[in-house]
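Read from first to last, the chains carry the letters A, B, C, D, E and F; within each, the first residue is number 1.
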Amino acid sequence: QILQEIALSNATELISKISNNCYEKCILTPGSSLSAADTACLDQCSEKYIQAWNIISRRYLARVQSDSKGLA
Amino acid sequence: AELLKFVESENAKAKLQSSIHLFTDLCFKKCVPSITTGSVSQAESTCMQLANCVDRFLDTNIFVVNKISQSMQK
Amino acid sequence: QILQEIALSNATELISKISNNCYEKCILTPGSSLSAADTACLDQCSEKYIQAWNIISRRYLARVQSDSKGLA
Amino acid sequence: AELLKFVESENAKAKLQSSIHLFTDLCFKKCVPSITTGSVSQAESTCMQLANCVDRFLDTNIFVVNKISQSMQK
Amino acid sequence: QILQEIALSNATELISKISNNCYEKCILTPGSSLSAADTACLDQCSEKYIQAWNIISRRYLARVQSDSKGLA
Amino acid sequence: AELLKFVESENAKAKLQSSIHLFTDLCFKKCVPSITTGSVSQAESTCMQLANCVDRFLDTNIFVVNKISQSMQK
């Protein structure tokens, strides 16, 4: 139950961050619908964000484990 | 039960208002880059008046939800 | 009581958002007092923000009611 | 009652500190666009040294409160 | 105990604000380590932030005491 | 005691995830200034791939902690 809630809040947070960052970067002048260019940009942007999230997760976990002196 | 229903509906109202504040802040920043006296620009009008900014944000959100669901199924 | 608290927190949040956005846009180099130009800009900016808030409120409520598939 | 008063005054102190952090962040972003080694620029000095940035923010806040009150009475 | 917690949360908040602002301003393209220029900038930036925090604290406290009509 | 340990470890996990979201947001804004179709730029690659953005942020944080400690001892 608790595990599921954490997993859910984790996914919700990820979705919210991607939406905010990619809306900001891709939808410069919102029109009457998403254009093909908008969708292509959102697709690219989401991929990059998920990739970034994977890289950062691995790195931060590694650093937390190896270096207990770090404060954040 | 009546009280519980009342509290629930008030909570939903508060959540709705919080989303509206979030979207207004987002759309104001996106659609109104600077304050000019006089008439509203064409781009500002298209962006804000027709509420395209909210509609496209919600589209973006749905796009991302689908994208994440797909990458979780892989 | 609860209704009043929600209405109050709503107004407080609106005031805070307008202050932040319009200070950001209008008061580029804070001087020893608000100039006439500052005040004119703040007036215009507040009007626009309230107008935006009205538009977004109507639109979002309409969309929430018509389209229960939308997630945000 | 003594304890209650103590807790209340500590709460007020925490609120004050939180406002100070908010204003410092705001003024730093507004007054110090980039870090230059050496002496402080004139504009930076006027903006920050005299704390014009906080004073004008509080003025802006009062302006907005009055504006909202007026539009609610209409 | 409560006093210590406030003092601690105050210092933590200050550290977090300085880190965010100075990372933003000084570390434009993060490299494989902090360069001498990075460190010089971080030093200058932290000094300025602490100075700003002192100025704002004094001013805001003075204004709160003298002017109870102000709302923020 | 088992349950308590479990809850504590879940809390730690949630805190870790919240830091990861914070850093990803920070690094994405810092390393990916705009979305270009096609290959990743050299600067973007150095910034993100090697996770220099997180490492330098943590270095910055340690620098600031030391700085504050020093100015408190004065």
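Basically, a residue touches a chain if its C-beta (ideal position, glycine included) is under 8 Å from a C-beta of that chain, and two chains touch if they have at least 3 such contacts.
These figures come from a predicted structure and were not determined experimentally.
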* Report which interface contains more C-beta contacts, comparing A-B against B-C. => B-C
* Structure fact -> Between chain B and chain D, the Cα-mean centres are separated in Å by 28
* Distance from the mean Cα position of chain D to that of chain A, given in whole angstrom -> 32
* **Per-residue multi-chain contacts in chain B, two or more chains** => 31, 53, 55, 57, 61, 65
* Two or more other chains in contact with one residue: find those residues in chain A. => 14, 22, 26
* Asked: Mapping chain-to-chain touches, which pattern fits: line, ring, star, complete or other?
  -> ring
* Going round from chain D, first to chain E: chain order -> D, E, F, A, B, C
* Touch list for chain C against partner chain D, complex -> 11, 14-15, 18-19, 22-23, 26-27, 29-34, 38-39, 42-43, 46, 50
* Asked: Hey, which residues of chain D end up touching chain C in the complex?
  -> 26, 30-31, 43, 46-47, 50, 52-53, 55-57, 59-61, 63-65, 67-68, 71
* To do: Could you pull out which chain E residues touch chain D in their complex?
  => 2-3, 6, 9-10, 13-14, 17, 21-22, 25-26, 40-41, 44-45, 48-49, 52-53, 55-61, 63-64, 69-72
* Interfacial residue positions of chain B with respect to chain C in the complex -> 6-7, 10, 13-14, 16-21, 23-25, 27-29, 31-32, 34-35, 37, 48-49, 51, 53-55, 57-58, 61-62, 65
